[in-house]
Amino acid sequence: MDKKTALHLYRVMREIRRFEQRSTTLFGENKIWGTIHSYAGEEAIAAGVCEHLRDDDWITSTHRGHGHCIAKRAELGKMFAELLGKETGYCRGRGGSMHIADTSKGNLGANGIVGGGIPIATGAALTAKQLGTDQVAVSFFGDGAANQGTFHESLNIAAIWKLPVIYVCENNQYAESFPTKKAFAIEDIAIRATSYGMPGTRVDGRDVAKVYEAAGEAITRARAGGGPTLLVCESYRHEGHYYGDPRKYQTKEEIEGWKTTFDPLLDARAWIIRDKVATEAELDAIDRDVDEEMERAVAWAEAGPPASPLTAEEIYASN
Amino acid sequence: MPATSGTAPTTSSPTAAPSAAAVQKEMFYAEALNDALRIEMERDPRVIVLGEDIAEHGGAFQVTAGLLAEFGPMRIMQTPISEIGLVGTAVGAALTGMRPVAELMYIDFSGLAIDQIVNQAAQNRFMFGGQARVPLVVRTQGGSGRGNAAQHSKSLEAWFTHVAGLKVVMPSTPADAKGLLASAIRDDDPIMFIEHKLLYRTKGLVPTGEHLVPLGKADIKRAGTDVTIVTWSREVLFALEAAATLAEEGISAEVVDVRSLVPLDKATILASVCKTRRCLVVHEAIKRGGYGGEIAALVAEEAFDDLDAPPRRLAGAETPIPYAQPLELGVVPQAADIVRAARELVRG
Amino acid sequence: MPATSGTAPTTSSPTAAPSAAAVQKEMFYAEALNDALRIEMERDPRVIVLGEDIAEHGGAFQVTAGLLAEFGPMRIMQTPISEIGLVGTAVGAALTGMRPVAELMYIDFSGLAIDQIVNQAAQNRFMFGGQARVPLVVRTQGGSGRGNAAQHSKSLEAWFTHVAGLKVVMPSTPADAKGLLASAIRDDDPIMFIEHKLLYRTKGLVPTGEHLVPLGKADIKRAGTDVTIVTWSREVLFALEAAATLAEEGISAEVVDVRSLVPLDKATILASVCKTRRCLVVHEAIKRGGYGGEIAALVAEEAFDDLDAPPRRLAGAETPIPYAQPLELGVVPQAADIVRAARELVRG
Amino acid sequence: MDKKTALHLYRVMREIRRFEQRSTTLFGENKIWGTIHSYAGEEAIAAGVCEHLRDDDWITSTHRGHGHCIAKRAELGKMFAELLGKETGYCRGRGGSMHIADTSKGNLGANGIVGGGIPIATGAALTAKQLGTDQVAVSFFGDGAANQGTFHESLNIAAIWKLPVIYVCENNQYAESFPTKKAFAIEDIAIRATSYGMPGTRVDGRDVAKVYEAAGEAITRARAGGGPTLLVCESYRHEGHYYGDPRKYQTKEEIEGWKTTFDPLLDARAWIIRDKVATEAELDAIDRDVDEEMERAVAWAEAGPPASPLTAEEIYASN
């Protein structure tokens, strides 16, 4: 992997991690309302996949959507502003964390319905096919969503129509409190691709280089008219399901364990330095830069005006 | 040209009523819908149709007959039996620049897809702070009268009226069917377009060529002075039949065809009721929780002092639709039931 | 003993109100529901619970907390995220002799499962000519006020009231929550049992031990003479708050808590309205197509001549629920809104 | 296979075929209202599977449900009576063809919702597990239903809970007008079992002996606590999707073809005689007996009273 890509991947992951840390703080300060779901631990997936995407490619995201949004090049300030319920937020404070969208960058939105984005990405891919472009659509969703009917129906439709869509299943080992091991009687979710006659790949979602490579293959194939792929990324979420989750379904050891056993950022740091792609100092500089960028974004967001009152016109496009 | 986001420019909303000089042709309701689809598909390559059995078979009620031959399988996209998959795919296509028409064969199956309609299509624009539009038409059909029993005969329009962000249209005549479907396809919002299985083979004069009926406008299908019958879909036909009978008895009934349940043309309804001073709302769906409650409540709230009698609802019995023919006919309002209810309302 | 069909003998319906001597205990609404589940599970081994995150986590709102430890994983059956799968499985279990309680975490997700509720559970008995019963409780919760935005805050009870064969229950207090849930579990029909996310942490006195509140009975939560406020679920609390304020102004409001939307206790509502001669229906769901229309229409139809003013509805704004706190509070009726509406109705 | 079983299988198939012929005639005479879907051509599946079932085992059926109903030992007279809208019908004329149920024999009903019976059978199997009995549940459904979300969600639930349920997918090559070949990007639907970690078997659904054998294995496993199976039976429907289907999606050759190429009854006749299980005369006697039984059933049904008026009490069990 070339240096530019490696450092960009690192930077995106770092941004995501830092974003989650900062929003956790803001939540703790009672500045954020509702619920937030941290993507910490899963950064390599969004970063590795979206590195291949253009602004005119589409993604659909989930309730755990900050990472996808950042990797799809959203503006951090507008994201924080949305969490803070500001008029300057992506959704003018109407949507909040679970509905951040940035259609200017092809992000068709976080989604509060588990599995809800899967058919939508399928439809975006249909648009590409209809228009004859080489755009692709990526649907991010969790292991839990892979047990929804929408998963099944969408993958079959995409397969028979050979749509340019990549289904990225983020297996972070849990659906809320339900461990993947109990929710499935299979070990490898990627095997489900065979039910639809599409390629399925399982990849170590901790390793951004591996995600990058596998996603690249799938996306290249989709752009070339080769149809859909199911890409399952094995991962782990560092935090609870949502801010404040008592995590009664996990042991203390497990909760602390990730710090030593599962951290895509530490990993990336290690191989970037080991393989001499870049120096520790360069990475530190990125870290500092990201931290500063984040503070500027928070400050900008906090300074914004509150969400404006609702108007009758904003619900319908043609009134 | 890459299609980017849902914010692409779009066509303007329909406004013009058909000119009086328009050429008319007798058509079945199903043909009129087919005509609208054909014209809109010719006019705009972004219009595509998705659904089950819509290709060679031409749709369960022949509304898409011939369109596969004319437009090919990329525009008449037959789907597997995957209601939420097909509707969700249409939502995604709509969000990214297409103008899909998704067919749900029976409104009874709409529950399988309702999550994508309600949580996604209807709300995307709002939730995204205006960043999206979802020009999606979900065509479906409801109603009883064909011996299809409880899972193929429901009238569920009320569910969809109760969703912010959706529009709900239910034409009763071939001309309205054509004009409203064309307007719905050109509209930038998600629309439930609900036909009736027993209207497909009814005939009427329909303007040929482009024909638009604006959404949100009720139509007075018969003028009268003694009682207003507010209704929609197939019950309009029964109401007209009833009005003819009532006229023989010296009761002059005005029949207001709501046509578009959302947005609702309150002005036309209230003006009529204030004139006749009596209001009978009729629908095929069961009464409890039906849209008749909305309209009767509206009339009670806004025209209370203009009423000479309580607003009345006549609606389907509170039962799943039974199979046996005599039972089935007994559970939804027929013309004779409307006559009786209107007479009671007028004569006291 | 092989369980054969849905025609197995069953328990009788609840009738008795709690005796005045019953021991009471202060409980949260969530605890009261938990108590009902525990007692019913102890009482009848056929009662099982199915749902997402109901095991170790104790349910998204802690209603099943502790039950896994007490009853084990065969009776507290945690399911994958498969709404129609889990509800359909519960329907099948109910048809064959179990008495399942299925939890849908948010009513916003009920669309994913509604086909099994409406086309199967609600209709099986009828469609099979009486050969089956479906003693199924679908527990869920709705409502806004927690910043959960448009896909986790809806009030969708109206959908379910419009289905023949379903019952719909919405308790407002801990005691009602316990007593109605117990009755629902013992009832032989499919029931939508709809809680409110902002009621779980409200407290009240609850009879300990067996406590049954009959379905189909409204409860006058406050007696009054000038205006009847008909409402349910969390709005009952607002209505009581409003009634207190109104009393200071010399307006005596009667608060009728409907509790069971289906079957509806028309007699209590109409008696109250005939007494006060004014009716305000309040609910959190959007007004258009809401159950308030049903009740206002009913009142208009059946108590027209007893009314001194038009029946009025006060309900949620016609919008998806927005995220930002001040916006969210603005779209559903608050106590002050009820005060204003009631005052207008009484003072004109 | 012993003679008794072979002749019983033959008889059941014959009853189904004849039932479909007679109801087609009745429909043509305008005595049946609504829609009927003929099971002709698929008899071997219902017969072969249900041969293993007891009255306290459950099935869920489909819109094409007459065959399952007969194989589960329903009374023919009550079935005809239901189609004729009589009070003496299984559903007292309330349900019609698409809702015939016979809970006394464990038939939880035909179903007008494609895929609607799949979770219901799953729930019946849960009841068996809850009660600790050795009852099993069988869900019959079509190839089309295998693309419904209910299929996916149910099979996964049954697999993780090891429920005693057999999912019998009747691949009759069409879902209404949509050929299986186009609705799937896979050749073998049984492969979908691997997505759930359950055994999947594909069998020639024309051959009642093969169906009988494969179903026997699956049902024995389920009774013994071995969990669910997906059994895909390759088949063909002789008639249109429904009575009156113009079959625009098929060629004349194909439509006529089954008479020579696909008929489970002719097949069974052939091997029963060839293997000397029984004589032609014995089979002819069964045919005659079935024909007579059918006429008696029709006559009984036609003589019955019409469906009684609806009462308010029949919708709810507790009023």
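A, B, C and D label the chains in the order they appear, each numbered from 1.
Keep in mind that, in the parts below, contacts are C-beta pairs under 8 Å (C-beta built on N, C-alpha and C of every residue); 3 or more make two chains touch, one makes a residue touch a chain.
Quick caveat: nothing in here was measured; it's all calculated off a predicted structure.
Chains that count as touching both chain A and chain C, per the definition above, are B, D. Here B-D and C-D are compared, and the pair linked by more C-beta contacts is C-D. Per-chain Cα centroids separate chain B from chain D by 37 Å. Computed centre separation for the pair chain B/chain C is 31 angstrom, with centres defined by C-alpha atoms. Averaged Cα coordinates give chain A a centre that lies 39 Å from the centre of chain B.
Each of residues 80, 82-85, 108-109, 112, 115, 119, 126-127, 149-151, 164-165, 318-320, 322 in chain B touches at least two other chains.
Multi-chain contact residues of chain A (touching two or more other chains) are listed as 91, 93-95, 99, 111-113, 116, 147-150, 152-153, 156, 160, 182-184, 315.
The touch graph of the protein chains shown is complete.
Chain B meets chain C in the complex at residues 84, 108-109, 111-112, 114-115, 117-119, 122-123, 126-127, 149-151, 156, 158-159, 161-165, 262, 264, 285-286, 288-302, 304-305, 307, 309-313, 318-320, 322.
In the complex of the two chains, the chain B residues touching chain A come out as 1-7, 10, 13, 46, 48, 74, 77, 79-80, 82-98, 100, 115-116, 119-120, 124-135, 164-165, 167, 187-189. On the chain A side of its complex with chain B, the touching residues are 55-56, 58, 60, 89-95, 99, 101-104, 106, 108-109, 111-113, 116, 118-131, 133, 135, 137, 149-150, 152-154, 156-157, 160-161, 314-318. Chain A meets chain D in the complex at residues 147-153, 156, 159-160, 182-186, 191-192, 194-198.
Of all residues in chain A, those touching chain C in their complex are 33-35, 85-86, 91, 93-96, 98-99, 111-116, 144-145, 147-149, 175-178, 182-184, 248-249, 306-307, 309-310, 312, 315.
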